[in-house]
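Take a look at the following structure, please.
For reference, chains read A, B and C in written order, and residue numbers begin at 1 within each chain.
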Amino acid sequence: MNTLKLEKKQEYTIVQMHRGKVNAIDHEMVQELRQVFRDIENDEAVKGVILSGQPHYFSAGLDLIELFRYNEKQINNFFRTFGALYLELAKFTKPFISAITGHAPAGGCVLAVTSDNRYMAEGEPYRIGLNEVAVNIQISQNLTEAYAFWMGSGLANRYILEGKLLTGSEAVSGGLVDLLVPLDQVVDHAEMKMQHYLKTDQEIWVNTKRKLRKHWHNKLDPDGQSSFKEAVTLWWKPEIRAKMEAHINSFSNKKKT
Amino acid sequence: MNTLKLEKKQEYTIVQMHRGKVNAIDHEMVQELRQVFRDIENDEAVKGVILSGQPHYFSAGLDLIELFRYNEKQINNFFRTFGALYLELAKFTKPFISAITGHAPAGGCVLAVTSDNRYMAEGEPYRIGLNEVAVNIQISQNLTEAYAFWMGSGLANRYILEGKLLTGSEAVSGGLVDLLVPLDQVVDHAEMKMQHYLKTDQEIWVNTKRKLRKHWHNKLDPDGQSSFKEAVTLWWKPEIRAKMEAHINSFSNKKKT
Amino acid sequence: MNTLKLEKKQEYTIVQMHRGKVNAIDHEMVQELRQVFRDIENDEAVKGVILSGQPHYFSAGLDLIELFRYNEKQINNFFRTFGALYLELAKFTKPFISAITGHAPAGGCVLAVTSDNRYMAEGEPYRIGLNEVAVNIQISQNLTEAYAFWMGSGLANRYILEGKLLTGSEAVSGGLVDLLVPLDQVVDHAEMKMQHYLKTDQEIWVNTKRKLRKHWHNKLDPDGQSSFKEAVTLWWKPEIRAKMEAHINSFSNKKKT
């Protein structure tokens, strides 16, 4: 594992994203996340999983600097794999809690919305949200379902259309995040919740999760071909590519200073 | 009627659950509730119904002490009948208001969520909620739909998975309860609301209720066989039976002291 | 255009309802709204639309004084056309913002709920809501879907069944209205939001709106025949006609004093 660090507790595993300071998501991280969640799903000895990030960054989302360099085949491959990861996480059956240790825009938020609970670091600067519209990426139908599931269709509509990144308080009040806690206690809170879950009968717990997600799952396109083609076509649209280059330069420059 | 007291008002009926101090639900109460609601549904002279409980206890939920002694046939019969009651209440067409005179955990909450409005006694100790996970009972798909209908799928998910009992304030802020009022005014408030409803054209009112519940009704499994089998199988699982025995002993002992 | 004033901005159009002091909706206004929105939908040079009203009245809803005089054919025609307008607005693909310059009960609210955002004049007297039950009009299934989309099924149920008109604060807290602003800034706020939307890639924006409304659209009956027949039958029910006459007289008299 190059992009993840696993810490095995007695009954569950903490998966820490570990790819530089901001945990930008590239193809390797997507593949490693798929592998780890598949392993945990199939391992009877592991009852649940906590996903955490780096201090200040749960994940900055897709690694646009790297993705911008991908050729057509690589982009196709990336979007297809990332879409599959989202589906697998949304259908993960065991307790799964996000310890959001800081920023979680776009792709970072995608990972978080698939979990059962979200504890987020308190503090004005941290932001979370599906702001794809603002960064010129076509959101998929499958992803909008997650936002509507947690916040209702009204807020999902308002926030996604304006490409909004939410403060922690906005995220809590909208239902996206469960609770804000100090950064150094985010993982602790996730562990306390996990221990609470693991005290209950796990057969009942897993059945109950499946029932609660039934309509979300039924809305998911398991193939996602049409959505995927749309996203890829727009990715190569010249005006969007120009905007994305400007966007990348803006934060690449910020990084250098 | 052994478990219910009926008070007939000019246009509506107040049904008070009346089975000891805590209104624990047994097979007889389920049958009497089904009978009363069927009678009111078919009686053109009765325009609506208010369901109330005892002071401090709307209903403590299923009578686990009694159910624990049931044999296989009796348990099968009980779950089947209780599931049918839930469906009939959820599909009841006339104005139906819950006057929640105190605690309403698990089975008590099941009755309340089928009504059009819920007024609840204010006061820190009173709790309401579908906490089935915490008491080792398998919640049905049909029941989760009610919670999601009133609170949205996000809160339903969070509260049901953690087996949470909500305070009155949490229930109001989540949308489960309409308003908290002093215990001795809960029934009055329900009556005021009923009178408000009865001033409108009842044909329009009943049509409108049917439209508003359409998607909830469409999600309900009218048979519930698979859900029912799952619940009964888990009921007899040895680990769960042991936990339930400990649970019953804990509150049986509390009762004696 | 007799009932609307159009103001063309560089990229979008402001449509101001302009039919007397209260903007009561008659058949002509419905036809003109359908025409204008169809034109804007088909005009590539116009990227979006803002719908506004008169100071203090966005729209008082259907012109009941006029409708009360309609004969059977005219009523049939009116309900059919108004239902078609609602469907067309709900399916309008471009950015569409309501500048709610005051009261928006019943039919006024119907127009507003189809837009992407709602800015409303702050101030205690202004009310908004689908209060059809209170004014003896049968709400359609299609309309209830809009309320549930923005506020969730629980609040939609509670507010529609009691025929409630919401204050601005209630509308914001329920998710029906985005923000309250001083009356003279309502249109400005709508324009700022429109400019924010128009900065993003419009192909992505329109795709995203379509995804977010998918389940709402799927719930809409494109024909609405059964709902329409029900509404018209109840319209001519003698008790309802008597109540409506009393209702009309009450505000006709208020108008004269």
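Definition applied: a contact is a pair of C-beta atoms (placed from the backbone, for glycine too) under 8 Å apart; a residue touches a chain by one contact, two chains touch by 3 or more.
Everything quoted here is computed from the prediction, not taken from an experiment.
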Fitted rotation between subunit A and its twin subunit B in degrees, CA, nearest 5: 120
Interface sides of subunit A and subunit C: same vs different residues, half threshold: different
Whole-Å gap separating subunit A and subunit C, where each centre is the average of the chain's CA atoms: 37
Per-residue multi-chain contacts in subunit C, two or more chains: 152
Subunit B contact footprint on subunit C (complex, rising order): 132-134, 136-141, 144, 148, 152-158, 160-163, 219, 230, 234, 237, 239-240, 243
In the complex with subunit A, residue positions of subunit C that touch it: 116-117, 149-152, 175, 178, 193, 196-197, 200-201, 203-205, 207-209, 211-216
